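Each of the next two complexes has subunit A plus one more chain, namely subunit B in the first and subunit C in the second.
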Partner chain A sequence: MSDALVTVTIDGIEVQVPRGTPLIEAAKQAGILVPHYCYHPSLPAPAVCRMCLVEVEKAPKLLPACVTTVTDGQVVHVNSDAALKARESVLEFLLINHPLDCPICDQAGECELQDYVFQEGRAATRYADYAKRFNPVEDFGPDVLYIPNRCILCTRCVRFMEAVAEDPVLNVSERGDRSYIGIFPDAVLDHEWAGNVVDLCPVGSLVSKDFLHKARAWDLDRTASICPGCSQGCNMTIDTRDNVVVRLRPRPNMDVNRHFMCDTGRQDYRWMNRGDRIEAPLIRAGDKLQAVDWASALDRLADTLRGADGKAVILASARASTESLGMTHRLLDGFELTAAVRVPTGHEAPLASIPNLALREERTPNVAGAELTGYTRAWDEALDQAVSAQVVVVLDEELAPDEFDRVRTAGTVVVLGTVDHPAYQAADIVLPIATMAEEHGSYVNRDGRAQVYRQAKASPGMARPAWWVAAEAAGRLAEGRAVPATAGDAIVMLGQSIPALAGLTYQSMGFTGRPVASAAASGVES
Partner chain B sequence: MAITVKVMKRPTQEISYVRAALKGMSLTFKHMLQPSVTMQYPEEKSQDDWTISQRWRGTHRMLTDEEGRSKCVACGLCPQVCPANCIKLVAGEDENGNRYPLIYEIDEFRCVFCGYCQEVCPEEAIHVGVHYENSEYERARFVYDLERLQAQTHPVSTLWDPSDPRGE
Partner chain C sequence: MSTAGASASETSYQPVFTGETMAALETLFERYPTKQACMLPALWMVQEARGWISERAMAEVAEVIGVTPAYVKGVVTFYTMYHTHPVGRNVIQVCTTTPCSLCGAEAVLRTILQETGCEELGRTSTDGRFTVQEVECLGACGFATPILVNDDFIESVTPERVAGLLEGYK
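Let's look at the complex of A and B:
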């Protein structure tokens, strides 16, 4: 062990890191951020930006921290006079041609150039009399716009397309101070993962057309979440402004998606802002549905379930949280129960150089979670069962009109839905539930990793999380049955009856998730 | 029990109102003969010696460029700095790819006239004005939109200059 670890002193702080670690990562471990542009933990380091120059004792010159690996007993000064002076000069060079258009730049507020110039740059320019280099804005692809004037030529985008996506369409064209990021003739930046170059760009040079001028960085509320686009379960951040989701960005998780997220997931947020939502619980009164409060609706649901026996069917979406799926299953466990999820499919789009990272064929995030809580994928069989069932519960899944017509013949149809739908007029009870952006919850991805997503916006009207609806109804159905107060309680409660979820808590899942028990034991493959 | 009232014995000649009334009226008539210093606002508007300070912070004005378009680039700093949260801004892109405000509205009722918006503006577009006549017949008219802000013609405030604290 001691062989593999070396001790380095960085700005007076001693850290032990594995041999071969770049200095910049060792400094991170010491709690010191070495300013950098071209270095990125998920990309090869070329040391072109010269921003991470640090002073290493006994070295003749300043060394770039991103490619210098640690050696035992090294003494490094990140903030010595020589290093600060070098970085100040690098920043001055970068600003020779960088326009002062922060007020109209989308990156302002989350721009590394802005940050470091404020932190350690020169207060005034010495190049006021010189005209800046100018190149017109270039359209790179479906969602990416290149503004060459702002480019600092860190080449992160070039390296991402070359080494990570393995679809080398970008290059550094021209030489010297005329260089810019070029795209090969007739090539388009339309790779399935190309949107990542926008996140990688440390300045506002590569911008997303979708997000252009939409919000300022400081207006955004950021929430840690999980992408609901496929069974990969990429970690993401939901950025909202005034309760409206404006963009999704990847959140680093070295075990799932590293720093990346595909374009399909990135642009799949508009449904979170839909306005045509069910806003109040509806129960059947005569030939139409009547809006009531939650207590009446839950009483009606409990009464209906108390009076029925025989077959029950749950037609669920695998986009519902493990909590919601589990609690709904538990609500109906006195019946002869058939529970199924529908799994829509699409094409698979892997990110070439990262193992086990792709936009998956299964386009729902929680198939594994559904299977752990007692659901099958036998959707058509469940639909056949539903025709003659006493109770049918539709959980967060929009049924096609012909499917709904078949289900109507069942004794009681209960819909737990988000978006209002004309077909629901034929249901007996319609309960408004929150979407994944409006509740806490957890998903289990295809590798059996349970991950928490958190509430990013308020739910409209009286909508409540589906786990709450199911658990409250179950509490009314059976006296003395414990009702979870939070989504965290719900997962703990499910863990008591489902061995695979045993010991799972939001705290233990944290921000990066953890494998569920059965996956750790047998390696569940979905 | 009977209520007893204490009656003061005053010399009646000395407390006669006539003397005091004449004294007061003499002051009144004296002023009637002197030149008037009252300005009959609003029939009469300000004169040279009644100008308001250059640092006065009144209702806003948006300055325009040579083509008559607003100088605003919708950077979002004024809604951010505004302590009263009275500025509504939605950014957009015009036909030349320039960022500009699609919606720019200031609620003058909510405004506290601190002048921070003028101070923070990197384009010197939004200004508080040297102006005080703002009455309207409807409350809704106090939300000034971009067109209204651009149409204002009153002079703009110089704000307080730290290097010249007394405005000399």
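Let's look at the complex of A and C:
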């Protein structure tokens, strides 16, 4: 092993890295970020931006850290006078034609050009009298706008489309200071994963039309989450502004989605901001539903379930967390229980060059988690059972009107829902629950990887996480039964009775998740 | 060089690489390790046949070579000697880099623009005979001012010589 490792000294810090590691990655391990534009860990490195020039002892001139691989005993100076001078010049060149329109640029605040110029650029320009190059804004595709004046020609977008998406519709047109990112006239940047070029762009040159002028970067709160769009379970960040979700972006996870996220997942956030939510627990009083406090609602639920006898059915959404699914299942385990999730499907859209990464056919995030906690996909059978069941619990799934009509013949209909629906007037108990953006929870993706998502915004009214509702009701049913205080407690508690989830904690899942004990998952091999 | 020709619109586009031209390209392929490496000669063939390289023609080259149109466009726009707009029957390139400039290249250029009736750089004369372009160093600083008319390299051009030189190009 040791011969595969080489030792390099970077700015006085000694690190051991595998042979063949680029200097820029070795520097990261030493805790030093070498400024860079064209380099990106998930793209081929062309060394075109010259921003990552560093001084390597015994090398005749400065070397680009992104394509220089480490050698044993190398001594590197990232912040030597020569390196700083070179990078200052690179920045000066980049700014000759840059419009400096940061006040109206979406990237401001998360712009690498801003950051590095602030960090090591010149204080003032020497090109004040020079007329800047101008090119008009171009519409590249459904969600991508190209603002050539801001472009620094790092070519990350070109390389992403060429090497990763394998749909090379972008090019570098013209040359020298006239260069710009071109698209062939008939071509449209409408690849299913094209939105990633916006994230990859280190400056505000490629911007999302959807996010255009919506928020300033520093106004956003960022929350680590998991994309609920399909069973792939891409790690993402939810950006909220004043409790409103304004953007979803990929969060790096080398084992799941690398640095990418598909456009379908990226755009699927509007439901998180819906205003037509159930805001208070409702219980049946005569021929109508009455809003009550949680204690009364939970008491009513417990009363209904006490002395469990006969059939119960859970009709759940596979968008619910493992905690919620598990706790709801546990609540009804005294009954003869049928539990099913509905799995909507769509087309599959792989990202060409990344193995095992695609927008999946199964368009819910937690099918595997549901199966581990005792749910099946036999939705129609469960619906048939529900007609004659004692208790039916609808968990986070919106039933079609005809489905609900069938279900209401059951003894008691309990809805744990987010969005208000006229059909719920026929239910006996309607409890407001939080969406995945409003709670902590975890999903198990199709490869059996359990991943945590965090609460990104406050839930409306009195809505609470579904696992809390189910666990509190269960606590009322059986004296002394432990009630989890947090979602983290809930998953630990489930682990005690479900072998596959044993040992799972939020700490062990961390920010990138871990495989569940038995990766029974959905059984789909990559 | 043939006439700039009516613009090759989508419907009326006649492929360049058919029959003999295609056969010639096939022969060229053998001299290169990959088809992609043969892109520059292929583009030359288009320019020789059509006088310039339209976007539709770039798409054709892309198809023949097996790359994307975007890639071909990147290459075409990178090189200044490929014309992306129709040009006159004769293309005149005048060197105006520093040594030539010092030896009076500007005067030569002005005269050429007047004599050809082009009036402006890059514009084609109304009779479709000439297009005049400025180029960086033609590599004949000792014989300022050199000009390139189509493939003919002419050195030591002075304003007085211009009219006579242009006679030969119809």
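The working rule: the second predicted complex is superposed on the first by the 517 of 526 C-alpha atoms of A that agree within 3 Å, B and C clash if a C-alpha of one lies under 4 Å from a C-alpha of the other, contacts with A are read in each partner's own complex, and residues count from 1 in each chain.
FYI, contacts are C-beta pairs under 8 Å (C-beta built on N, C-alpha and C of every residue); 3 or more make two chains touch, one makes a residue touch a chain.
A quick note: this is a predicted structure, and the numbers were derived from the prediction, not measured.
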- Task: Using the overlay on subunit A, decide if subunit B and subunit C clash or can fit next to each other.
- Result: fit
- Task: Check whether A:K61 is in contact with subunit B, with subunit C, with both or with neither, and answer first, second, both or neither.
- Result: neither
- Task: Once the two structures are overlaid on A, work out the angle subunit B-subunit A-subunit C from the Cα centres, in steps of 10 degrees.
- Result: 90
- If you stack the two complexes on chain A, which partner ends up touching A:R270: first (subunit B), second (subunit C), both, or neither? neither
- Task: Could you say whether A:I104 touches subunit B, subunit C, both of them, or neither, answering first, second, both or neither?
- Result: first
- Does the superposition put A:F184 against subunit B (first), subunit C (second), both, or neither? second
- Task: Would you sort A:V137 into first (subunit B), second (subunit C), both or neither based on which partner it touches?
- Result: first
- Query: Touching A:D219 in the superposition: subunit B (first), subunit C (second), both, neither?
  - Reply: first
- Superposition-derived minimum Cα distance between subunit C and subunit B (Å): 27
- Query: Residue overlap on subunit A between the subunit B contact set and the subunit C contact set?
  - Reply: none
- Item | Complex interface listing, subunit B residues touching subunit A | 73-77, 80, 91-93, 97-99, 122-123
- Message: Going by the contact rule set out above, which residues of subunit C touch subunit A in the complex?
- Response: 55, 58-59, 67-71, 73-74, 77-78
- Task: Quick one: which bits of subunit A touch subunit C in the complex? Just the residue numbers, please.
- Result: 168-175, 182-187
- Which bits of subunit A are touching subunit B when the two form their complex? 102-104, 108, 137, 212-214, 216, 218-219
